[in-house]
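Presented sequentially are two complexes of subunit A, the first with subunit B as partner and the second with subunit C.
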Partner chain A sequence: MDKTTVRMQQIALQTLANGEVDVILGWKKGDEWYDSYPVVINDINETAELIWDAFCVNNLSKYLITELKKNLRIGVFLKGCDSLAFNQLVIDNRIDSERVVIFGLPCPGMIDPQKVKHAGLNKGLLKVERTGDKIVFITKEGVKEYIGRSFDYDKCLNCRCPNPVVSKYMLSDAVTRTDEEQYFPDVTEIEKMPLEARYDYWTKQFSKCIKCYACRNICPLCSCETCVFDNIAAGVSSKADADCEQQFFHIIRAYHVAGRCVDCGECSRVCPVGIPLEKLNRKIIKDINQLYGDYTADTDIAKSPPLGTYKVDDFDPFDGSKQGGKK
Partner chain B sequence: MSLKLEEKAISSKQQFEPLIVAFCCNWCSYAGADLAGTSRLNYPANIKIIKVPCSCRVSPNFVLRAFQRGADGVIIAGCHPGDCHYSTGNYFTRRRFTLFANLLEYVGIEREKFKIEWISAAEGNKFATVMNEMLDSINKLGPSRKLRDGRWIRQQ
Partner chain C sequence: MPRIGAFVCWCGTNIAGTVDIEQVVQAVSEMSGIVYVKDYQYMCSEVGQNLVKTAIKEWQLERVIIASCSPRMHENTFRKAAKAAGLNPYLVEVANIREHCSWVHKNKEEATKKAIALIRAAVAKASLNTELIAKEIDVENRALVIGGGIAGIQTALDIAEAGYQVDVIEKSPSIGGKMAQIDKTFPTLDCSACILTPKMVDVASHPNINLYTYSEIESVNGFVGNFEVTIKQKARSVNLEKCTGCGICTEKCPSRKSKSEFDEGLRTRGAIYTPFPQAVPNVPVIDREHCLKFNTGKCGICEKLCPAGAIEFGQEDVLVTKKYGAVVVATGFDIIDLDKFGEYQYQNHPDVLTSLEFERLTNAAGPTAGKFIRPSNNKRPEKVVFIQCVGSRDVSSRGKSYCSKICCMYTAKQAMLIKDKYPDIEVYVFYIDVRTPGKNFDEFQRRAVEEYGVNYIKGMVGKIFPAGDKLIVHGVDSFTGDTLKIEADMVVLAAAAQAKPDAEVLGRKLAISTDTNNFFTEAHPKLRPVETHSAGIYLAGACQGPKDIPETVAQAGAAAAKVIGLLSKRKLVSNPCVSVVNEDLCNGCLSCLKICPYDAIAAKELATNNHGITSKRIVAKVNEALCQGCGGCTVACRPGAIDLKGFTNKQITAEVDALCH
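Let's turn to the complex of A and B:
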């Protein structure tokens, strides 16, 4: 068994047994090779079923919001990007970090089952194992080995934070990524397009949306108790497929997490129709970084969120005569 | 298209009467509008004012909603930064809507269609000028269905 999985099961058993935590949030393996699903366990006998593999892509930090209402202390496994979301939830005052024990999982990248399927490797596939950049496909016929990141989710290829920024127990050695990441090329590309082309591009993208709200539901930070898009009376989300409502939804969804989005890429990952939602989020992140200092909702929970604060001399695009502040 | 409809379309194009929704803060800009009125300054009847307690009360939802339901331009007017009745409200407005305006432009909406202006209670003149300019630029853009609810028909 994978070293980290062994460690994972040990630590879960240990902390449950000694009462450090009441429940554990982790993943179990489903029937399929690509199926690692989130679980909440409180039974020490179940700890042996916990798993860490290249498909533990689900971010467990969002579950803390509801689970902390039912349980006193929770142990949770967090990858790098998950830990950013955890921090942001603490900043947003959605969870009490004192009651959470974090087991950190440095993450080499998660595998996109679609890419495996497209490469035709899914036939008879039983299991996929990953150590660093070495990926082993175990099939009925035999074993195939690959080196590299060609099966990683797109979002993982752009990962800026593979190692957890906060944790009590780290379960493996830190991952080092040397590849120079290009953070905002996609945004700059769209910014350079002429206005009408931009409008057409986005209207076309938005029109694909089937309003399943998976992007909203998966987002660790889209966590309002009631959402305007569930409120029929608000009149902003009917069943009809109208451009204006799609635009409304997408602009508000992106804007609503402005300053809080940790760019974990979950929204675009789960979108069944492949709308590049990260290009909206990243536009906002890029602007915030440029205008209000380097804030990529973040590693430092002492920092105040960029839209929850202000500076008297902030850039003022609405006043040509003076750049903000009192004269 | 029948001749009659075509005529109607042409004439409605000629008489493009933009609708501009102005969210004005109670303390400065609304008073500024009042002053413009009492000073008998001209500002267009196309401007529909909605009074809000503070410019930071306006949520982006309101702006998009206005566009959906027929506005050709939306403007938020508040006290000058530093002069907010609630001390800091408009500093938040400034940050939020700087980002929001950028985002709108990013998805292909003309800058001219959405504006923020700082107008104090003493600036009746500025109020009239700003509104006239806004109408001007919207007129130049011409009718557009961007962000509009296609099922929506303006009540005459």
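Let's turn to the complex of A and C:
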């Protein structure tokens, strides 16, 4: 068995048994090779079913909000990006970190089942094992080995935070990434488009939206008690299938996560119609970094978020004396 | 749908000239909810207000729309009228069809269409208005004056005389400002010190005035009637109480390389110094950058010599927080740096002076004890050239586009003072225009020409070439077209007045605005010249724009009157348009708390019951006395849990919808 999975099961057993936590949030394996799904367990006998593999892509931090309402102490497994979301939820007062024990999982990257399928490797596939960048495909016929990251989710290829930024128990050694980080190439590409082309691009993308709200539901930061889009009285949402409704939805959502988005890329991953939502969020992150100095949401909860705080020397683009108008 | 009445004002021809009133009235009468429409020439007049009052009663109006000028102008007028007729004042909505419409459009057809749209928006909003009840808040009856120049001094004295406590914050070690540096003052030529120093002493000794010199504003919170200001008292290194002002320390300090700020760098001073002998307070300060003790650990001569034991090297900056009902900003002005005006040789030649340096040079208490000599060779000049408008009325990037207003007069003064003492010195003034509107001002300038024989040349100076011990001034006389070469011994540059470099930062702390030139903006250039857009904060003196002393003092008195008016009220009526939190929707993220500029939001713990399990959660809570209704929180709140009464999200959306209709 995978070393980290062994450690995972041990720590779950230990902390449940000694009463450090009441429940554990982790993943179990489903019937398919790509199916690792989130579970809440409180039975020590179930700890042996917990699993860590290249498909534990779901971020467990969001589940803490509901689980913590039951006044329990919770142990939770968090990858690098999940830990950023955890921090943001703490900043937003959505969870009480005192009652959470974090088991940190340095993450080499998650595998995109679509890429496996495209490579034709899914036939007869039983299991995929990953150690660092070595990926082993176990099929009925035999075993195939690959080195490299060609099966990683696109979002993982752009990962800026493979190691948890907060944890009580770290379950494996830190992952080091030496490849040149190209953080905003996708954004720069869109910025280069002429205004009209850009508008057309997004109009086309948003018009695909079927308002299933999957992006919002998966987003660790879309965690309001009642989302404005579910609050009829607020008058922001409408059922009409009109371009403007979909555009409103996405733009409002982008603003609601602006300055808080941890760029985990989950929104794009789950979108059934393939809207590249992460580009919108990344554009905002890039702008914030440019205007208010390097700020990566939530690597440090003590840092105050630039969009929610005012400093006397803040950049002020509306100041007529500094720009705009006739020269 | 409530019963709505609409009142369309012509504002003489201000609105009616560009907006077709008849068409507006027709269109409004067809809007849903409208039961009554009336137009009138001046709705704000007594007759107009009576029209509103009568209609409210006769037509049982439940909402009133006033289509007129900006709500800044007359919203209050009509709210009062509605109240008098028994309608809650917050059921009145103003559609601004003047500033937002007739004044900014020329095409009558388009303006009319826009006026109708604006009224439609107001009707949509008004239908959602609710009755609001104002509360009362206390007023802290102490005032703060920022800046201790003549503006601040006069304001403080006037307020103190009315019986209120005033604190004055002065950045430099002494009060007095620029006026303390000036020699004689136009238009009467009385000595500046003779009229200023008694006032400085009055400030220092007035029982109602408290001075914080060598101090700055650290932060400002709160709002009209209840400002909370933190003052940073910089470490003076000399005990204000113990020091007797004997001056031994300043005389004996061995570090003598620092340039005297007060003497515009024409003289050096010690590291421990009093800016000038009449300084208030007459207590020196240690300039730590140049003090040997602070730099090398050795020296400490002042400490050894001080008979009062007042030297305290260990002093640290102190923060003091106090409450004030009103604030007056009187931070004054500066003259511009001349490093971009290379053609005048200011940087290169000691005999090219700024106007302010000239004031020090001719001052009896100045670096030459009033002897009029050239800094280069200590000889009396024979020819002096004044150049006006250096950087004023200059649209290039190195200058200021505005007229500095005071230079024509002080140049005439300076020229006249030379001629008065030394009639044999030849004096020339290069000018673009001579602008002397003011009581006895033109007469004053004419005296310089007619009585004293100052040579006024309308024209510009192209360049100055130093040649031997002379300065050759190349200029053009634009009346004759002749090029002139004047062999001068001294050149005086009337450098443009400019806003203080930190005006913008101070403005942000106080939440008051500055104009494109960084001078503070008055609330209305004609009708509210000393008020700012922030209630309870007033302006006095040159921080609002270049001003001479008479104007500065007049404005200072006006600002004081406003402050006294405010402080004399025991209670202020608070604005009922404050935020409220819907606790069911609130996530407790406290984004609103972080963004609120008035610290009006606090966290509150709520016990919630979730399927039989009680847990705690945080929600936001608004302190209505502190909330100023800016609405910042409502846009920060993602679930829309916090909303502003009188400007709810729904009302605003209704307006926008109506506009897009």
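Some observations on this one:
In this section, the second predicted complex is superposed on the first by the 311 of 327 C-alpha atoms of A that agree within 3 Å, B and C clash if a C-alpha of one lies under 4 Å from a C-alpha of the other, contacts with A are read in each partner's own complex, and residues count from 1 in each chain.
As a working rule, a contact is a pair of C-beta atoms (placed from the backbone, for glycine too) under 8 Å apart; a residue touches a chain by one contact, two chains touch by 3 or more.
This one's a predicted model, so the numbers in the text were calculated from it and none came from an experiment.
With subunit A as the common reference for superposition, the partners subunit B and subunit C occupy clashing space.
When the two structures are aligned on the shared chain, A:Val228 is found in touch with subunit B and with subunit C.
Looking at the shared chain after the overlay, A:Tyr310 reaches both subunit B and subunit C.
In the superposition on chain A, contact of A:Asn71 is made with subunit C only, not with subunit B. Of the two partner chains, subunit B is the only one that A:Lys283 touches; subunit C does not reach it. In the superposed model, A:Ala258 makes contact with subunit B only, not with subunit C. For subunit A, the partner touching the most residues, choosing from subunit B and subunit C, is B. Shared-chain residue A:Val21: touches no atom of subunit B or subunit C.
Contacts of A:Cys209 after superposition on the shared chain: neither subunit B nor subunit C is touched.
Contacts of A:Ala12 after superposition: neither subunit B nor subunit C is touched.
In the superposition on chain A, A:Val90 contacts neither subunit B nor subunit C. Superposing the two complexes on chain A places one of the subunit C stretches 253-261, 379-387 or 505-513 into subunit B: stretch 505-513. In the superposition on chain A, the residues of subunit A contacted by subunit B and by subunit C overlap at 228, 236, 310, 312.
Only residues 60-61, 64-65, 67-68, 80-83, 88, 91-92, 94-110, 115-118, 146-151 of subunit B touch subunit A when the two sit together in their complex. The touching residues of subunit A, counted against subunit C in their complex, run 68-71, 92-94, 223-228, 231, 234-236, 256, 304, 308-310, 312-313, 320-321. The residues of subunit A lying in touch with subunit B in their complex are 190-191, 195-203, 228, 236, 240, 242-245, 247-248, 250-252, 254-255, 258, 280, 283-284, 287-288, 291-292, 306-307, 310-312, 314-319, 324-326.
Against subunit A, the residues of subunit C that register as touching in their complex are 505, 508-509, 514, 516-518, 584-591, 594-595, 597, 603, 610, 613-615, 618, 636, 638-640, 649-650, 653.
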